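Chain IDs A, B, C and D follow the sequence of writing; residue 1 opens each chain.
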Amino acid sequence: MGILNYKFESGNILITSLDGLLNWARLSSLWQMQFGLACCAIEMMAASASNFDIMRFGVIPRATPRQCDVMIVSGTVTLKMATRIKRLFDQMPEPRYVISMGSCSNCGGPYWEHGYHVLKGVDRVIPVDVYVPGCPPRPEALLEGIIKLQEKVRKESLAKKTVPTA
Amino acid sequence: MEAVRTYFRDIWKALSSIAVGLNVTIRHLVRPAVTIQYPDVKLKMPERARNRLYVNIDDCIGCDQCALACPVDCITIETIKATPDQDLGVTSTGHKKRLHVPRFDIDIAKCCYCGLCVYPCPTECIVMTDVYEFSEFDRHNLIYQFSAMKPDQIDDAKAKLKKAEEEAAAKKAAAAAAAEEKKKSEQSKQG
Amino acid sequence: MEELLQSIIGESWILYVLLAAPPLVFILVYALVTVWTEMKVSAHMQDRLAYMYTGPHGILQPVADILKLLQKEDTVPAAADKPLFIMAPYLVFIGTYAGFAALPFSSAYIGSDINLGAFYIIAVSSIVVVGLLMAGWASNNKWSIFGAMRSAAQIVSYEIPTALALLVAVMITGSLNLQDVIRFQEGGILNWVVFGGPLPVVQKLLLLPFTVTAFLIMFIAGVAEVNRTPFDLPEAESELVQGYNTEYSGMKFAIFYLAEYANMYLVSGVAACLFLGGWSSPFGDFMSGPLWGVFWIVAKGYFFVFLQIWIRWTLPRLRVDQLMYTSWKVLIPFLFVCLFGVGLILVL
Amino acid sequence: MELTTIVFYVFAAITLIAGAIVVFSRSIVYSAFALLFAFFGVAGLYVLLMADFLAVTQLMIYVGAILVLLIFGVMLTTRVIDVQMRTGTIHVLPALLIVAALAGVLVHVLVSTDWKVLPELFTPEETAPQIGTALLTTYVLPFEVASVILLVALIGAAMIARRERKV
């Protein structure tokens, strides 16, 4: 995606309609990194289960980072795990997105002040696209996060990676 | 002989158990799905669901009880004393408000939804609502500011308090000086 | 079809390209449909819905998946063996696609009407094994190589039951040419090899237990050969991440995916041709003809594809020793008995 | 040029290039994988020689069994993560002598053969039934002996590989 950065500042009809198609493809097929960290992972699993069924949005868990589009950081990011998360994120091919799920990965959550072993927010190691609050968030809250991410992807363009949101 | 019998029994067991499993899955295939299609259909939250915090700032008396109760210190409250001439009114529970609340921030990103802040509140102004869909692109948007006071109002209140304090201090100083004077004169009289 | 095309465009290389194209078109369309079917069937078996927002009931989801995979960054790990890494998915696909050459689609169309059809398909699918080993080796990743080795061991050992089961059908029909095998079974459902073929009633009744067993074993071995649950040890997520395609992303992964689904149809198609009368109608002359033939073979093949999906979402994964036990100690002895029985009955 | 001729040259080129890689590649893994293409090319040549059964058997036995076994051997004898499998050049003189002798034989065969060109493309007869009949009538003794030897080898391998059971 980087090659075309800022080459079509104004954009034209061809680019925009192609953008629409490609964005549609990307946003409706967000394959998820199959890993969970802590209690939020339980809710993430619940979101995949029958009642909430995250697959309705095209989110399929893939075991290998090479085939993933979105990483759902679900749970407490300990300092030890942070390096692994960083590595997994680096292994994901572009375009890639990150959803930070739950208080712990948003900002350290209950451990933000005295947790000597917890990373105070996963955005200190990888760029986060959507923060889903909750401790843990309801499965619906995660689904809402996915929808939010889809909105963000929809606004992207081939020429510019992200349109700055107002 | 026993081995041969086990061999064939195992094969039979495998086939029959596969058939049982296939029967279960095919029956579920034709059964209607139980999925709640989230953005279109939403689950009704139970009555005591604990989700996002809400503060009715009109009722807040700035007692700081909730901030003290919070196990993760996600509530920050600053208060300014009201001067005697100001009447801040009463809360809906009948408590008299004596403090301005220029800052009432809750960092929802830190909040762990335990609900401990709700119980000590004397005016029941901090409550847990059933709103759970509020994800953000930027983490700083998750810091919710509930105070209704505008910056000039805060400055005003601060200035008033300062003035009142100065006046009080001056009065005190004057009283102290008068007392000193009195003491001195009494001493000199005695002397 | 060959004669028809020959009369239109004459003898040129375009003729051969046109003759080779239909299976490719079929594979592409079929893979899109099956990806969707698999996810929908799996979801409904779990009382879920899956794919609701891309077209009605998500029918455009496979298109979205493919378009997304096209946009993905095509990574080659720094430590990988680059030429082999790039070649492997194509080799796997070529192995599968070459098998389709001898798979009949109707009485009028078969890619290559060779005398050794069934034998050729079994032989050519061994290229897939080499492709998988290549992928596993070139990725330079321990999970990949373990996956590739498991996969190769599994396919090589399950090729034997497949070939033996195929022999049972071939002994009855007396030909390795799949078109001949199907013509042998024409004339209604009772003439299918699984019901003993068009032989005298006594012979049919005697053959029935052996043909049914051979057919079942052919199907089981076919499931094992395409590495699907319950035989999906090469891709066991809980142990091996994603097996041999752990390091593949974007289009290369899509080709692996395509080859896997094409392989599913290949084993189903061969089983349908050998035991269920291929393109011949189950009602004798009713609804038969070249075009109905396409319908019947695709319907029969797709039924097995559905069966594979059904089994995948029902059964848990086997252990490695159970896998080998099933092949060497159950399927192969049973097939030897079948071969012997069928031979005896046919001779008498 | 006729299509068959082009196909022949394509298969010949595949075989030769793959063979060259097998011989000259420094990496054993590359050699092993190049063998696949060599076998494949040879199978194609067999098809052009109307020996379809032989071609398919070539694929089945050499690609499906021997090559897989070979690659397994190569992969298992090195450490899994180590790609540094190299072949060196040793015993140049004996190799040259053997190669020269072999080349002499082959050239002699090439020169002394009475080459016949088929007049035109003809439909081949089925070779599989002929081979089957020949194996079970004329050559039944060598065939059976070979299979017994293979069976003995198989049982022997199983015996050697079997873990000693502790009593």
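To be clear about the criterion, a residue touches a chain if its C-beta (ideal position, glycine included) is under 8 Å from a C-beta of that chain, and two chains touch if they have at least 3 such contacts.
Just so we're clear, the structure is a prediction, and the values are computed from it rather than from any experiment.
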| item | value |
| --- | --- |
| More contacts between chains, C-D or A-B | A-B |
| Between chain D and chain A, distance of the C-alpha-averaged centres to the nearest whole Å | 52 |
| Centre-of-Cα separation between chain D and chain C, whole angstrom | 27 |
| Distance from chain C to chain A - Cα centre to Cα centre, in angstrom | 36 |
| Contacts with 2+ other chains: residues of chain A | 50, 53, 56 |
| Multi-chain contact residues (two or more partners), chain B | 33-35, 37 |
| Contacts with two or more other chains, residues of chain C listed in rising order | 43, 46-49, 52 |
| Chains touching one another, given as label pairs in label order | A-B, A-C, B-C, C-D |
| Residue numbers on chain C that touch chain A, as the complex places them | 39, 43, 46-54, 58, 60-61, 63-68, 71-75, 237, 241-242, 245-250, 253 |
| Contacting residues of chain D [partner chain C, same complex] | 3, 29-30, 33, 36, 40, 52-53, 56-57, 59-60, 63-65, 67-68, 71-72, 75, 80-81, 83, 126-128 |
| Partner chain D, residues of chain C touching it in the complex | 13, 16, 81, 84, 91, 114-116, 119-120, 122-124, 126-127, 129-130, 133-134, 137, 140, 142, 145-146, 149, 152, 156, 159, 176 |
| Partner chain B, residues of chain C touching it in the complex | 41, 43-49, 52, 310-311, 313-315, 330 |
| List of chain B residues in touch with chain A within their complex | 33-39, 42-43, 51-52, 71-73, 107-113, 132-139, 142 |
